[in-house]
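In what comes next, subunit A is part of two complexes: it sits with subunit B in the first one and with subunit C in the second one.
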Partner chain A sequence: MTEKMLDCLGEACPVPLIRTQKALGELAVGDVLVVAIDHSCAMKNIPEWANKEGHNFEIEEVSEGQWEIVIEKSH
Partner chain B sequence: MTDITAARPPEASFLKSLRQTAIFKSALVQPWTYTTGAVLLAVVAGALLASTGRIWGVTTALTFWGAWGWELVGGDPHSWTYFKDTAPGFNNPALNFFTDPATMIDVGLIFGALVSTLLASQFKVKNVKSNRQIAGAILGGLLMGFGARLSFGCNIGALFSGVPSMSLHGWVFMVFIFLGAMLGSKLLVMYFIGEASISTAPVPQAAPAAVVAPAAKPGGIKRIQRTHVERKENTTQFPIGIAVLLVLIVICWYFFAVQKSLMLAIFWAFGIAFGFILQRARFCFTAAMRDPCLTGGTNLTKAVIVALAISTVLFTALQASVLIKGGTLDQAMKIGYVAPVGALHTPIGAFMFGIGAVISGGCASGTLMRVGEGFVQQWIALPAFCIGGALGAVTWPVWKDLLMVDMTSKYFLPQLVGGFIPGVVLQFALLFGCWLLADWWSKRQTQA
Partner chain C sequence: MPITKDHQYYDLVVIGGGPAGLTAALYGGRARLKTLVIEKGLIGGLATYTNEIANFPGFPEGITGIELARKFEKQARNFGADFKNTPVKSVDLKGPDKIIETFRVTYHAKAVVIATGGKPRLLGVPSEDKFLYDKGISFCATCDAASCKDKVVMVIGSGDAAVEEGLFLTKFASKVIMSVIHEEGHMDANAAAQADAMREPKLEFRWNTVVDHFEGADRLETVVLKDTRNGELIGVPVDRCFYFIGYLPATELFQGQVELTERGYIPTNTRMQTNLDGVFAAGDVRQTCLRQVATAVGDGAIAGFEAERYIAEMEVFEKELMQRELPGMIYVYSPIDERSRDFLPVVREIERKYAGRVKLSLLDTYKSECLAARLGSVEAPSVVFTQDGKVVGKTRHLEPARIGAALDALVDHREPALAE
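Right after this comes the complex of A and B.
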């Protein structure tokens, strides 16, 4: 099990989601990806995508207008 | 962690516990669903049309801003035939930034989005990460501004107001903004994003147990190898949000009571409402057009179609009331926005607009919303948008002939299919078809 950090601070939609899709694709089942974002739409569309794909996820509000989405690759 | 809160003054902990209450959270902190946003936007747009007889538009004012800027640097936009031909109100000597209702709806939108983020304590100035984003914002802003002039409207005027008006122009615009967004997505991935920064998380230092978040949450996931979350104690921005909201209300009262302009007050209030709803629901028209091809998501696409269907009900009810009073179809189509389709200008303009919206990271309403949210990328895109609009207006004599603009080519669906009822049936059939297509696409994507 490894944990990767994906820093998408300052990046606009849909870039954080595209990067998340790609980064998670390169991980093994059970690995964890932490995506750092400050785009207010990405804190909605990344969890939505993870949910649709059936991965476990958590949203951490790190500070004002800044989040970390933690995704565990489930399959 | 609790000792931090204990040391805070009581007001701060009151606001902090207020923020933890379920109703506050779901109303003001967590994003609303797209469907909630769709319903509210449609109802507010319908209310604007019913109360003022005018539709929600964004780009005409932005073009005015560009033209006023042009005037500041010594130009003479009042001599442009564009305004004489399409927006004669621009040459009214009493019209300026502070007396233009369309301007106030745009400025209100920016501040509505700002209030929304402040009340959620989520305001942050979001800098760009890569210079490529600056290039995308400038190029995208210019394309949107220019495209919106060519096509007589943007995702709001032409699409969100045009389609529910049963305007052929609105439907043509929708097809081509979609195609433009597809090309824009390809360009975005190829040219306008920098390198991904991905790294392995740091290995825990000494005594990680004390600082790590709970190892497992019910139904959640195990957090591994996280030293600790770099978490600042959230300062609450809620009081600032309330203060800004009060200022906005005072301005609204000023328009009404001092300037004696009900129109300015109404447009200002509606702008704030639109900005607030857009931000709360993260309602992004660009994503609705872009995501089906780029990320496979169609939730927003479906929400836009739902919004258009609800607005259609409201718009057609207003149009029907004209017919019931003995009016003609020609009179009914004045309720709403039926713009000339022409031959080439609408498809080309909508296509440019779609490309621009994707590479700049926001359409007309999205750009304004994100200006209020603190996105530096949109602070750059907005002036480019206004300049693009001014360039579109000043070059009108050239492209008017080149693209064979026919100002009489205003087509109302009921007139094309021989009656109001068949028109409404066609409209809903088209919307339902779009919804089925989006639904099928998302299922197909999941299986793939």
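Right after this comes the complex of A and C.
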């Protein structure tokens, strides 16, 4: 299992979602992608997408208005 | 993959971090319940999808949904509520130990507030699923307006949200086309919003139309509308399409456990109680007549308050009424009933006689209606007998001799002989 960091700080929608989809596509099942974001719109569409796709995820608010979405590739 | 899951224990778990959930958590936290809010995405729920909230009291200049949600969250945190940002996978809410499963943790709660709100309604037309979210169909003007600068967008719907968000989009897009199902000049929005819309040169209306299907290669390129008068198909090239056609309750998780209406909402009484003990619902997910931040906050306050009351009563019920140390006698009475009052001195006398052998509890049905309901069907005045934490008999015949005989039996571990 590997863990990859994806820095999307300062990027507006839909860029973080598109980069997340691409980065997760390059990982193997069971690998973990940590996406760093600071645009609230990405806090809506990335969880919505991950939920729809059935990937497990948890989010940590690392500081006010900045989050890390930890996504485990499940298929 | 985690093999063993972590177990965490809370008094109150609130599922959903919108205005209803945040208010329930605020009340729970303030009542010193160990409280957790679980939210899958951004805290604030549907309110964060609105650029400006103009009708929440206390903010005469208006406030953005995100700012308002931040304030709600801060206030709930100030009262000690914890937050977890992850989706709930499944729940088991039927028993007294409510179980909420997430990816890594199994949460146990004494009470649960369901405040999951709604999710955007879809049209269900061909190719819609190919273009959702980042592919061209959006539900949030606030989120995606900036990426529509100088582009052509379409808005589906004609209610308040459609018209207000359509007007907001004109600040970015070169043209906003509104597809409206009604006859020319008819919209569902409020009159003020309609008047603003008719004056806006960047808004273009397609009356008497519905979406037939969507077309595009990777991304949405064309919305094909159908004229409802003659069935004619009209292809309209757009860069993005926004839906403002309402929401569906997010209740799949609770199917088969919590009672739902035909349309999937959770019916409650005025105390936000669902059909399950210790499970409350608040906000947009509830069967109600108005879904606003202001109503969600009111629901949340009641749900948080009632959750606290439920937990307190549960504790009295288990630790006092259903205590296991001694045989128990519960006098169920109402202070406004004369017969109840008259028998109270007799009860006190029995208590003195059996001191150290029987535990007497008084249950005021006027004050503790729910607690009385927990004992099953009892009317004041009556006497309930317990043994080893279970009800073993009850009677409405308030005769000291018969009650004494029943208590003697219990002290000797025999079945009490009682007439209902």
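The criterion applied here is as follows: the second predicted complex is superposed on the first by the 75 of 75 C-alpha atoms of A that agree within 3 Å, B and C clash if a C-alpha of one lies under 4 Å from a C-alpha of the other, contacts with A are read in each partner's own complex, and residues count from 1 in each chain.
One rule holds for everything that comes next: contacts are C-beta pairs under 8 Å (C-beta built on N, C-alpha and C of every residue); 3 or more make two chains touch, one makes a residue touch a chain.
This structure is a prediction, so every number in the text was calculated from the model and none was measured.
In the superposed pair of complexes, A:23 makes contact with subunit B only, with no contact to subunit C.
Considering which of subunit B and subunit C touches more of subunit A, the answer is B.
Of the two partner chains placed around the shared chain by superposition, subunit B is the only one that A:66 touches, whereas subunit C remains out of contact.
When the two structures are aligned on the shared chain, A:38 is found in touch with subunit B, with no touch to subunit C. Using the contact criterion defined above for the overlaid structures, shared-chain residue A:51 touches subunit C, although it does not reach subunit B.
Contacts of A:7 after superposition: subunit B is touched, whereas subunit C is not reached. Touched by subunit B in one complex and by subunit C in the other are residues 12-14, 17-18, 21, 40-41, 43-45, 48-49, 56-58, 60-61, 72 of subunit A. Here subunit A touches subunit C in the complex through residues 12-14, 17-18, 21, 30, 40-41, 43-45, 47-49, 51, 56-61, 67, 72, going by the rule given at the top. Residue ranges of subunit B in contact with subunit A, taken from their complex: 31, 117, 121-124, 126-130, 133, 185, 188-189, 193, 196-201, 213, 217, 220-226, 229-232, 234-235, 237, 279, 282, 284, 286-287, 290-291, 294-295, 297, 299, 361-362, 373-375, 377, 446. Remark: subunit C residues 1, 40-42, 48-49, 66, 83-87, 102-104, 133-134, 140, 142-144, 146-147 touch subunit A in the complex.
Within the complex, the subunit A residues that touch subunit B are 1-15, 17-19, 21-23, 32, 34, 38-41, 43-45, 48-49, 52, 56-58, 60-66, 68, 70, 72.
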